[in-house]
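Got some structures for you, see below.
The following pair of complexes shares a single chain, chain A, combined with chain B in the former and chain C in the latter.
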Partner chain A sequence: MRHSRLAAWGPLLVVAAVAMAIYLPLVVVANYPLAARTLARGATLPCDSALACTFFLRNPVLPAPNQLLGGILALSWPPGAPYALPLNAWWTAIETVVGLSLAATVGFLFAVLLVLSRAFQLSVLPWIVASQTVPIVALAPMLVVLLGRYGVQGWLPKAIIAAYIAFFPITIGLAKGLQSPDRLALDLMKTWNATTFQVFMRLRIPASLPFLFTALKVSTAAALIGAIVGEMSTISFAGLGKMLSENARASDVVGTWVLMLACALLGILLIAVVDLVERLVTPWRR
Partner chain B sequence: MTLADTPAVASAPRERTGDPALVSVRAVSMVYADGTVALENATLDVGAGEFVSLIGPSGCGKTTLLRLLADLAEPTSGTIAIAGRSPAEARRARAYGYVFQAPTLMDWRTVRGNVLLPLEVMGFPKAEREERARRMLALVGLERFADHYPWQLSGGMQQRVSIARALAFDPQLLFMDEPFGALDEITRENLNLELLRLWRETGKTVIFVTHSIPEAVFLSTRIVVMTPRPGKIETVIPVDLPQPRSFETRETRRFFELATEVREALRRGHGFEVED
Partner chain C sequence: MATLSPAVSDQRPRPGMAKPPIAALVLCLLGHLALVAFLLAWWREETAAPFAYRLLLGLAVAVGGIGVGGIARHLARHQLDPVRAFVPALLTLLFGLLALEAVLRAYAVPPGLWPTPSAVFARLWTARRVLLADAWQTFVLEAVVGFGIGVGWALPTALLVARCPFLQRGFMPYAAAFASIPIPAMAPVAVHMFGLGWPSKAAVVAVTVYFPVVVNSVRGLLEVDRNLLDLMRSYAADERTTFWRVRIPNALPFLFTALKLGTALAMIGAIVGEFFGATGQGLGFRIQIEAGRFGFDMVWAAILVASLLGIAWFGLIAGLERRFTGWHVSLRE
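Entry: the complex of A and B
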């Protein structure tokens, strides 16, 4: 708000320009040998020199910007088609957001228990830590099979996998935040004869909000990866992860790069939403 | 009264009110788990309406004594009565407001919200809460800043909010632990004057911890001089400067005499030794 539009977008555009300045020569260098060989084989390409053809190979080593743009457009219309990015990104987003909500609920409960009970901290915290060291790729199919036995199918198991990864940063961040009020603030509440519940509602929880949002941003990225890995490592009918595994099987280099871009974009979008909510919920911050 | 026959443990002179002591401390000691004697055999009476300062170097037990009165710590031995009740009962009855060294305002609440906080905790009806907060902010001259967040205020203004908050639920007693210690000298002198005005207007009993001799002399009706290792009450000095006091009070001969008396009492108790 204090910045003009140019001031906000300027640095971003500079970085984009620098990225392009590095990326374009890389495309040429990476694809040149393949382009030369393909031309020598007499393949039909919409170009006549090896240099020009580095931008038009069917399966390039590194896709050119024009190919990425073409790939995005081809995968975007109609948006509701089973192969289209918008529909699949939508399902991945749903899984991520539901997973995050689940993670926030569980994380909050754990954090409160960690703060209230030394016994809980000693007995359960090591298990919480251990849960995060299990490779999610190994765990995801097991979880899906297990949940499937109880009729939980479709996107929900992926949301649960996302939650499994995302609850950890939220638990640790919130526990830290709930313990952030200093001795004096707690003494002050005591002089007013405040109950433990009042201390939570009026001191610990508001004080933990900045910590919560920092943790939520980390967790959003983690939940998105969880949802995508969940889709990739199990049978899926929708989602960016499903598209990624199909593309990998088809050795579609351009498609895979387009999907990676889509995942990154979805991540930026989701974190921007968390950032917006943070501004709304913590208006007192500078 | 000569310095030599000042009793080491003093009982309250009752000339101000004649009431029985509002705060009564009897042979109170406080020893920490590591054996440190924070306070040894302290006896003190404070009458209703008094302004009593506890002065002394770090480690003399002045903050400890205040925390014991507020039931934020428990004495190892001795008894404390506040209006005939134990400190715990007095705390539950919300008999005192406490102002700390730091303003300890809640970042997420506006100035008004901070003053409202104790009233919400204590379950005052909404209309009364708003009315009291408005009155308290007027009392400390911060009505115009009611909707500001703490970070938008200077340190002195933040501490005034903290005082308004402590007075919001109208406690009999105000405990203040070096409330102006972190402020610059000019702000401190202004707030001293304002605090005296508040004290006069509200009729509260104030127990005030400080390590500034001029501040203690300017504010108090009596000064309790404390000395360290072990923390104990060295002497109690009545302050007979006339009320109401003003900036000129600091320039009177009597002010200097009293400041000298406090300084000598501190020296007698080794209060000027290097702190460890």
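Entry: the complex of A and C
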């Protein structure tokens, strides 16, 4: 057991170490000219040689690990402060999760219609599929302004944008899932004289769950992008997107890097949560 | 268009063609004619239409909707060639656009809230120079160049990782984690590093495309049927022959899946990247600026251009996929 765990973590740690070993000289090389110029200008820095100063520049080209660490600490404590990462990440996570649930609900209705009616499928499905290749995120700034006109404000419009982006993959995934039981199983339901409703409840919906979760995992990242862009495109008081646009305006380099890491972590966590829910909801798959 | 409509519906079509659905055709035609008549009558008016007009309009939308639905239901009952299978979708789009135009005009919805389709198409024409320059910046310089760089780096990486089990355990988890970085989080960092011009957006696109292509290609190179490998062994084929004859062909469908996903990611990356700073050009820049001053006809026109480019690009990759992996199960009829 211990051996296998070592075998799993060993390569990861080695690759991380190699990446670090490349990153540190890169920081020095990238920041050296700027550090030399800053020192020559006579700025007050907590260091005396240009080489040492590559790790302490206020606006570095590449932030050094110690600066990133300092940035993370400065932005996470206290966790409830309006500028703190945990609070803002929490709101973005809420928007994304609400959006995904909304998308799953509406997507389910569409999927049932698609499966029940070939006419509906012929009329609508080509547009649903085509719209998957459309950069839907481009709609976000417009949707926020539009929803704001109708008095939908706060976290809800961002959740709606997240839902809108996640809607198409989820609909297609659910429709395929509802369609996935084979002919034999459907015929068996028929011999039992099951109604369409019973077929859905007992056979189709359970069969569609794995497809739903596959689609959810794909669209979680997209929904997170939607929530963040939604927060950026309007007046927001909380959320990682708000922090991003504020930081981009203030051009606080260390801050943008810390935010990038935070967004990545949130994306990974959300997908892990979807994975966990999948295991709880579809225990027979394991 | 057959590829655009995978059969998910449960109803099985019957072969052959029955008599045409006269009633549905008449209703559909009536609805369309009524909408066109209203639009012609109300084209130059700026105010909301009187109640009687709006009532008639509602009736026309209902009648036309029933007609379109009837035609779709009639066609759905039969086995269709791809062209005729696309008729309901086309009818729905046409009718939807006409109805939207008529309703927006009947209620005199201000263009700052929701522009009419005709206003969008008119803007598409009058602003064609601006939009073409934007599309050049966003699509060619940012999306396509970034995509090329990303794929160009991803393929050697995938080959290296597939040859080296150590990297499979040490690198792939990181690749999967990096693939889940939201694009907008990378954009400010890239803009700061590479400036406001197109290279920063191309860098974002390259990074977003890189990871899915690596992950999928590695899967394709490794998830090879054991029987095939055994067969190659029984032929006494060397490593290199196995690689070229078995692993590469096996990886192609995976690669093309990633490339198709990559086209969408590249468009999103280029557009979202421009939200964080651009040099006054680009579809994303245009969308953000115009949405901020309620120029929604321009916003929609820019979205339309981006969508058409995205669909054309996706279609190109899908065509290449059919050309190079036509033997694969998923593409055989």
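Note that the second predicted complex is superposed on the first by the 255 of 286 C-alpha atoms of A that agree within 3 Å, B and C clash if a C-alpha of one lies under 4 Å from a C-alpha of the other, contacts with A are read in each partner's own complex, and residues count from 1 in each chain.
The definition used in the following text is that contacts are C-beta pairs under 8 Å (C-beta built on N, C-alpha and C of every residue); 3 or more make two chains touch, one makes a residue touch a chain.
All values reported here derive from a predicted model rather than from experimental measurement.
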First (chain B), second (chain C), both or neither touched by A:L209: first
Contacts of A:D187 with chain B and chain C, given as first, second, both or neither: first
Superposition-derived comparison: chain B or chain C, residues of chain A touched: C
Which superposed partner A:L122 touches (first chain B, second chain C, both, neither): second
Which superposed partner A:A81 touches (first chain B, second chain C, both, neither): neither
Contacts of A:W284 with chain B and chain C, given as first, second, both or neither: first
On chain A, positions contacted by chain B and by chain C: none
Chain B partner contacts - residues on chain A that touch it in the complex: 182, 184-185, 187-194, 198, 202-203, 206-207, 209, 282, 284-286
Touching residues (chain side chain A, partner chain C) in the complex: 7-8, 10-12, 14-16, 61, 111, 114-127, 129-135, 137-139, 141-142, 145-146, 149, 172, 175-176, 178-179, 221, 224-225, 228-229, 232-233, 240-241, 244-245, 247-248, 251, 253, 256-257, 259-260, 262-264, 266-268, 271
Contact set on chain B toward chain A in their complex: 70-72, 91-92, 94, 96-98, 100-102, 104, 106-110, 117-118, 120-122, 149, 151, 169
Residues of chain C touching chain A in the complex: 1, 4-11, 13, 68-69, 72-73, 75-77, 85-86, 88-89, 91-93, 113-114, 166-167, 169-171, 173-174, 177-186, 188-189, 191-193, 263-264, 267-268, 271-272, 275-277, 283-284, 287-288, 291-292, 294, 296, 299-300, 302-303, 306-307, 310-311, 313-314
